[in-house]
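Note that the chains are named A, B, C and D in the order they appear, and that numbering of residues resets to 1 at the start of each chain.
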Amino acid sequence: MEPTYQGIVPPMITPLTGRDSLDVAGLERLVDRLIEGGVSGIFVLGTTGEAPSLSYRLRRELVEKTCQLVNGRIPVLVGITDTSIVESVALAQASAGYGADAVVTSAPFYFPAGQPELREYIEQLVPELPLPLMLYNMPSLTKVSFSRMVVEWAMDCEKVIGLKDSSGDLTYFRKMQHLAAERRPDWSLLVGPEEILAETVLLGGHGGVNGGANLYPSLYVNLYKAAKAGDLEKTRELSRRVLELSESIYHVGQHGSAIIKGLKCALSILGICDDFMAAPFHRFREAEREQIAQHLKELGIG
Amino acid sequence: MEPTYQGIVPPMITPLTGRDSLDVAGLERLVDRLIEGGVSGIFVLGTTGEAPSLSYRLRRELVEKTCQLVNGRIPVLVGITDTSIVESVALAQASAGYGADAVVTSAPFYFPAGQPELREYIEQLVPELPLPLMLYNMPSLTKVSFSRMVVEWAMDCEKVIGLKDSSGDLTYFRKMQHLAAERRPDWSLLVGPEEILAETVLLGGHGGVNGGANLYPSLYVNLYKAAKAGDLEKTRELSRRVLELSESIYHVGQHGSAIIKGLKCALSILGICDDFMAAPFHRFREAEREQIAQHLKELGIG
Amino acid sequence: MEPTYQGIVPPMITPLTGRDSLDVAGLERLVDRLIEGGVSGIFVLGTTGEAPSLSYRLRRELVEKTCQLVNGRIPVLVGITDTSIVESVALAQASAGYGADAVVTSAPFYFPAGQPELREYIEQLVPELPLPLMLYNMPSLTKVSFSRMVVEWAMDCEKVIGLKDSSGDLTYFRKMQHLAAERRPDWSLLVGPEEILAETVLLGGHGGVNGGANLYPSLYVNLYKAAKAGDLEKTRELSRRVLELSESIYHVGQHGSAIIKGLKCALSILGICDDFMAAPFHRFREAEREQIAQHLKELGIG
Amino acid sequence: MEPTYQGIVPPMITPLTGRDSLDVAGLERLVDRLIEGGVSGIFVLGTTGEAPSLSYRLRRELVEKTCQLVNGRIPVLVGITDTSIVESVALAQASAGYGADAVVTSAPFYFPAGQPELREYIEQLVPELPLPLMLYNMPSLTKVSFSRMVVEWAMDCEKVIGLKDSSGDLTYFRKMQHLAAERRPDWSLLVGPEEILAETVLLGGHGGVNGGANLYPSLYVNLYKAAKAGDLEKTRELSRRVLELSESIYHVGQHGSAIIKGLKCALSILGICDDFMAAPFHRFREAEREQIAQHLKELGIG
């Protein structure tokens, strides 16, 4: 049985024109660009989508508009990570109504739950979800990792269909992959950090949820395909280009927000969408924007 | 000029009968118990109040009901900490409408903001708040501390009226106190961890936001008064009792949630309110409940 | 039964003229200054003494010379913290030969031991020590804290005589103090961070191992005495001065080494000893030296 | 220009019969087993070798004996990581005298140096070393990572010949590899965690410093060769077996020491050497030993 999600599923940035207003025209251009680039799905309301920084009203508007714009061409996955299970369930139900295909959750991120508590949390959440669920391991921001014990247990839930791992810990990824191979060959194992996409796919991973695919979807799609086909030379070459993008576009700012700022700024320069950032962040100012423009030129993205 | 808030301002636990339903009768008993115990204010929707785990609907209901029940007898402070500034502002406005006296915010807690970003965040938030703001330093859960630079800047905002420090880092507290003494003698410096309440007040702190005051308000109020009066013998004796409460009631469970679970369980045993916990936590089971009952007996709380 | 060590026991900086050479003349001036300032003991080879950065040869030379210079006027405590228990024991034995009074150890600091392993470590170490042992809790640098379980167990060893806590976590300190009051009233509970010396002594702590006492011993001794005597007004005043010293002298550099650099630089300006720093650190350059000189003037230290 | 070190360079465990006595017969069997298994070098006194837990006398004895036993068949690299630069230099000089081929250092690990300080440290160390130096990035135990800036600078030192990265952060590894490709094609980029050996070599890494190669050298050597040759099918199969070894042998104990304990216990069961562990650790007891024996049988190692 094949995993449902394979290939590149970009964690879509959220185009904004203000702190509570969606850049709908930008969203349309972005969605079309992604689909034309060959992505296998769109993941809205993830970390790259600044989900926790958006109002609940806007989150719903984004899901609705994205589903309308995608219009069934590819699957739409919706991040429902929240500190309140009531809000997670409500967003999952709304998303099903808008036509989304799956939901994605990491651990509740204010109180760090113990692993048995995390298991109970998933146990309580799953039956109330109207859509399949993908787990999202993001310990640097949620404080806890889904332990082997929790993932093993989740593999017994038919409705849970995979794991997106953004830990950057490839040893963890390999162990979860090993586990899935034995128990849930239909699970999708997707990796977060794009710098290690090539490696995971070469060893049997199913694809990536990579921020850079917002900017240059075909690069990531082609890298995925080369690695899946075992074309090592092409994989090395494309992986090197992903690394160059990462080394330039994501390193203009100083703080942890530099990646999202860099992506939004680059998309703005390319005329795709506005680069407004939700608080506590702000868009790059002119000096940084010029650096991003220079990097785009060097990378041949235009 | 005197600080507005002095004394004990308990971070009220949120009495629940279910995941999205308030225990209104329990809330009434709890509010009366606190006021009779001599507290100087009630802080709802803090960490001890499980705020991030509650639905937005319930948060509003809690603020409304608490303001009604308190009915002006003491001030009500409302936690508006959120990952979305839009939701923080909305809750502040609603709270003003219900009659709350002040709002309290820590740093947005998903993305860890850099200090300049944190300053901009406060700068953006303050003008939109209809009520005075108290900062709430809680780095273990929000990932960032309000740095000296940010606090110094906040001291220039008249609307910011104090700092509640739950870092447990008394050196930090002392430095902020030193700063306030020079620049904002009207600021309230309140301490979180009750185990160090005595020490901070002896050296000039203004009081505590201590979870244990939910259970035994007069103990904390009397400790505050003894320390403020410089009665060292009484301070040592009452501080020892606070430590005994902490060492017993907060150490029955294993995970970080043990404190809130212990408080809710104890209040349930005393017949004050239900001990339902919002996900990802659950109330203590029978074995732990018996331990808490035993501890209450030993502490002479009944 | 009274605790053996009470009052101020400075963690002496190590005066160096080069990477493997002691500033013997400076050491003599420093030792005399400390004793004249009224300290209750001298603790060599602690963190402030840059112990782990020194060669083993120099460590022995320092212990020998210090014992000679002190010449029985006050007790000498020697830090034997090491990653190798063989070296810890060897240094303890050498120290006994030179006439030291006690040894001090924190946890081995390369591999973070589990708590049961830490207990076994102490269990293995204690019988081989020719001198009484004080535990030194320094989790920020050793990665592990002595847990309540380990400390409780250590209280059953007659040869273990106290705990120096540099965690900065006053809640931890209070709990250990509570434990000692019940089980080992002869234990010395000394606090590391000087910013909280006043608070701990007011509530029953026995003194401090405070870096600033290298520079201004009488200030710390007088603060200790005021707090022990319950003179709140004087305690507040002297505690404020300690804070001013900390806020100025320790904040000239940027990195974690700023405290030791500041102390050595100040002592050099005062003509006490050389300010050479062992690698990986280096002494302050001219610009920072001028700032320290300015701070000394403002603090009235000369 | 080819990197000097390619292939598998095991971080050799240190066979001990007691806390300060080498198991010389075991060392001889182990060295022969490694060389017969096809390793490209032996790295003594690394983390897996419990270096920081050994006395300085024993460290020298180990280097001397290993060099004698290896007798020029393959290179010997010596870990000189220390908190004291004087001791690092002394050990490097002794190692050159015994005939070692290179030295390896991570950051001094008590005081966490700032990056400029770390650069100065390397700058001060390199001229005094009689042998080529490999950097060893081990942030989980040394508290600091060699930043891009420091590594770039080190690339300008001819005497620095490569980097062993045990961070587990493949993104970091890829970036350093990218840097080396541009500036120092002769640098050896070796990876620590064996679970990601396959991935790094497929993308152009030069080999691994993998603990498991103590136990089953040919497995790691064959995996390295398969990945280097681009034989994806064989790489996946052998990588799966490495993962199985890791998942079983390294997970019998609970604490961070479980990996070294598991390796030593397995080697003891195989009759290679004693499993004595230096403090603060101790060898596995009978129950765990039986589990390791069972795992060895399942893995077909005998």
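Assume contacts are C-beta pairs under 8 Å (C-beta built on N, C-alpha and C of every residue); 3 or more make two chains touch, one makes a residue touch a chain.
No experiment lies behind these values; they were computed from the predicted model shown.
Asks: What is the chain whose Cα centroid lies farthest from the Cα centroid of chain A?
Replies: C
Asks: How many Å are there between the centre of chain A and the centre of chain B, using C-alpha atoms for each centre?
Replies: Result: the chain centres lie 35 Å from each other.
Asks: Per the centroid of Cα atoms for each chain, what is the distance between chain B and chain D, given in Å?
Replies: 49
Asks: Listing for chain A: what residues touch at least two other chains?
Replies: Not one residue in chain A touches at least two other chains.
Asks: Mapping chain-to-chain touches, which pattern fits: line, ring, star, complete or other?
Replies: ring
Asks: In the complex formed with chain B, which residues of chain C make contact?
Replies: 168-171, 174-175, 178, 193, 195-196, 198-200, 202-204, 230, 232, 235-236, 239-240, 243-244, 246-247
Asks: Within the complex, which stretch of chain C touches chain D?
Replies: 19-20, 47, 50, 52-56, 58, 83-87, 90, 107-114, 117-118, 120-121, 124-125, 141, 254-257, 278-282
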